[in-house]
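Note that chain A is present in both complexes that follow, paired respectively with chain B and with chain C.
Right, the complex of A and B next:
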């Protein structure tokens, strides 16, 4: 029964993934808080592509200025968070690692809050200071959490790092509360910011996310083989000729950059990076060369659908997207934890 | 500290003598002055009895503080919630923590006879603990303008300012009905209240809010009247409902774009009637979202904006 199995995804699989991504994207653009007839939407999109004038009216505005940028941002955030989760789980050999569970998202929030409180900005780039500080703090907290976990428990066991992550998150939230107390005029700004929202998605934000995802997502993807080597053990990776330190550093930088930008644009969206990589590994098996690209696509699809639910379920009201992802995510988390323990 | 409290006691005594001497004819539906004993029912239906009008009061909510000052009873305040900021004199009163951080010890140390609080984050335990310490608790929860009148009557009764309370309510009613009478609503215009800007997710005030009530008074139709209370709403809905006026209560942080400018430059919003005709108003959140006497001020500000162009 030994069958040769390709290391990589088959082209047909890629085709299917791209197709379902497009279908879900189109679905999410078509359905929204305001009901717009499908033929209107098609004519708007066709006119846009053919560079013809967009029909007058509110429908064009809603589709082009509100829905498409939002669905784009959501898709990129979903892809980025999922692949970060997969990369962290691979590097740390820890099935429960994710931006929210190990405290990296909290660290990113702290960076962003500091940037707002002290008015740190990069001239010429809107919100550049906030994004950069979120990235830097995501990286610092990642290093800090991992170093502490190593110190306590060399194997980086599941429980130790999650525990440290939780403690770190609490620590950070107390610091944020402390900053809020002393931030004076900017208090409201920070408080609202910590609630995070993708409601004001723009094409500029989508572009920022896309470019960063292209750079750091690619770095993670091309290191799939190294992540496979890590999966057995770090020693194994070293013995098979992997430059462990370099790969680790690259992964951590990529993860920090992506989580930083996602948090600074959309706030903390929990559990996406935990649930998607897991579900995908169940389908593709542990090989990162297969699971990583699938995770990337399915992360985008999952978050687009979660956002769709958040947008329409209570219309004209909107739910925060984190409510939907945390609801689904925490259930899956318990399921995974339960099965990991039983094994 | 001791000196200050002595001074406060002296002031309180002086005030109580003045009150006892000067004010005993005002009768309110919710108060029952038997001799000098005051029996009132608070807005949760709890009965409160005081031997004499309260002279040492702690008010947790900003609205209750404003009511006390409007009744001329600001000097009875020995403690205030940390968010009370109007009138200016209130800043000299000792601030106590409020909401989930309500600090019972802090309140007890101020030795008030009564504490005014709402039901937002105060739990039954807080109330019980205060009552065990011999401090009365009156709950004032106004969810509409009628409720504000009730709160004014309640607070007036407790501090022995019934007449002032009746007068204040009359004044407010007169002002409202004058504004309402001048609001000529030949064709119904629509309004969108923005409580939180797009950046943090749009929040609006739907039906059963002071803002909604004010809009009805001014002959405006709230585009989110189908939303109950406060809610996070979809940007698409605002574009589709195309309001004639936008009223934002966002605070200007002193840097960057003003709230009105920020709304006007949002992509896709330029076709909204309110944005096209530059009919965006920034109203101070303190006057429009507090169940206090300054709601008339809010009504006036909006009236001026709409009808005096």
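Right, the complex of A and C next:
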């Protein structure tokens, strides 16, 4: 009898992940510039569900209008950025790949800024034009960066693609600054596009994020085997029967769509997609069947906590969320780079 | 089984392969031999669809370029010359990748046949004990055996091996060549390999292609191709005498 060892996560792991997600969610809804006791939150939510009148006062307003939509958006953005990072690190076989390091986020920002500055919109869908332009530009940037990297160095080494990403980001940032300067009031401050913020989240934005995460997150999750193959090596993937071109295109589209929507709603929140997949690989090993679901949950948890920190550390002032993630991310980047070079 | 017709490969205006023709039938082991830069590995890259080429490559009378990737995966397995793995996968995970073409969906990866093939492959290559080791910690020979195990787990009809005994010590060289010899004798199976060692080619191969500067110099049975005349033309030295001198020092 051959013993079969499951390649998937155990149910208990999923249970723990969901539990921690809920705990952190409530924690983030409670704490802020005004701390609201947990029993108040529970009574507000229970009343809401039972369709009873919500108790009068500021607390209800803050919770329902500000905190819950914001924490939801933060969680979805965290999950989306993390799983994108994991997918890119697999496809490119590059542990340093992430929306910010390879320049996709900047490309998406440019798309969003252009859409706002020139008033590009899709009738019927609020913000549709901005989101779509961010996605399209994210995809074009991805194609451009990868094609250029292949042209320069067909082995697609870690350093080449990161270097191109950095140069591309700087180039695009200068264009963004230029557009913002002459477009004036319409476009958000440059700080939003470089450091990110989810301060003006709404339920509509949360829903948009959720729907796209459901579609493209699922596509990435069901390609776990293919990502494993790419992570071993692209040649090996082809030789074992993976449709390399199709999978690569599918992954690039999914990554571009998710990064596009995240950037158009929350600006560039750096390094989330770098830190979380790397840490999760250290726990689960590189098998994507295990690491992808964990990455999804932990990405949400990490960004919720980072946002909490950004809100309370200088209370009542608020830090841009990217300050927190970039601070952690840069350190992890150096750590990974150091260990990759030592090998 | 496999028929290569007028295969030409050009990279940056430089013709690496010129009108290469050969074929492999069931139960044959075709050796591709020739000096460095003759285009041996390029043939393998073309068959595995890793590079663009002109000409036709047919597997059982079907053009390979028109087959689905996972259908090719079930029929043709390739052992590359160099292995590098990006992340700390275990030996077993890399071998399991060989079963990719047989997994119909992500929800149905358990199949008794899969597990049995993986076990067999690990055992045949002597990698069972190292199955949970990270591939990043393996020696060159162990890594070579890991990917050979992956190829065996893939259970193809045609094995293509680019220098299969690379990094292997003498014991494993012999073991692997005997393993492939036995494998080729099963019905419907065949192998193609690139080898540097002409005496290994002659001892184990049934057929041979002699390459030089991207062209086929000779194709046929090993006895027809690996003659003193042919080898002297290609290698510009008396291969027979060299081998003889090398071996005689043991007596």
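In this section, the second predicted complex is superposed on the first by the 320 of 343 C-alpha atoms of A that agree within 3 Å, B and C clash if a C-alpha of one lies under 4 Å from a C-alpha of the other, contacts with A are read in each partner's own complex, and residues count from 1 in each chain.
Operating definition for what follows: a residue touches a chain if its C-beta (ideal position, glycine included) is under 8 Å from a C-beta of that chain, and two chains touch if they have at least 3 such contacts.
Since we're looking at a predicted model, the values are computed, not measured.
Participant: Does chain B (first) or chain C (second) touch A:320, or do both, or does neither?
Facilitator: In the superposition, A:320 touches chain B alone.
Participant: Which partner chains sit in contact with A:286 here, chain B, chain C, both or neither? Use first/second/both/neither.
Facilitator: second
Participant: Quick check on the superposed pair: does A:7 touch chain B, chain C, both, or neither? Answer first, second, both or neither.
Facilitator: second
Participant: Look at A:241 in the shared chain and tell me whether it touches chain B only, chain C only, both, or neither; answer first, second, both or neither.
Facilitator: Second partner only.
Participant: Does chain B (first) or chain C (second) touch A:232, or do both, or does neither?
Facilitator: It touches chain C, and chain B stays clear.
Participant: According to the stated criteria, A:311 is in contact with first (chain B), second (chain C), both, or neither; which is it?
Facilitator: After superposition on chain A, A:311 lies in contact with chain B alone.
Participant: For a test of understanding, state which residues of chain B touch chain A in their complex under the given definition.
Facilitator: Listed in rising order, the residues of chain B that touch chain A are 196, 198-202, 224, 226-227, 231-237, 239-240, 242, 251, 253-255, 266-268, 271.
Participant: Once bound in the complex, which stretches of chain C touch chain A?
Facilitator: 48-50, 68-74, 77-78, 80, 83-90, 93-94, 96-98, 100-101, 103, 106, 109-110, 112, 115-116, 119, 136, 147, 150, 154
Participant: So in the complex, which bits of chain A are touching chain C?
Facilitator: Residues 2, 4, 6-7, 93-95, 222, 224-225, 228-229, 231-233, 235-236, 238-244, 246, 281, 285-287, 289, 343 of chain A touch chain C in their complex.
Participant: Flag every residue of chain A that touches chain B in the complex, lowest number first.
Facilitator: Chain A reaches chain B through residues 32-34, 58, 61-62, 64-67, 119, 185-186, 188-189, 192-193, 195-197, 199-200, 202, 311, 315-320.
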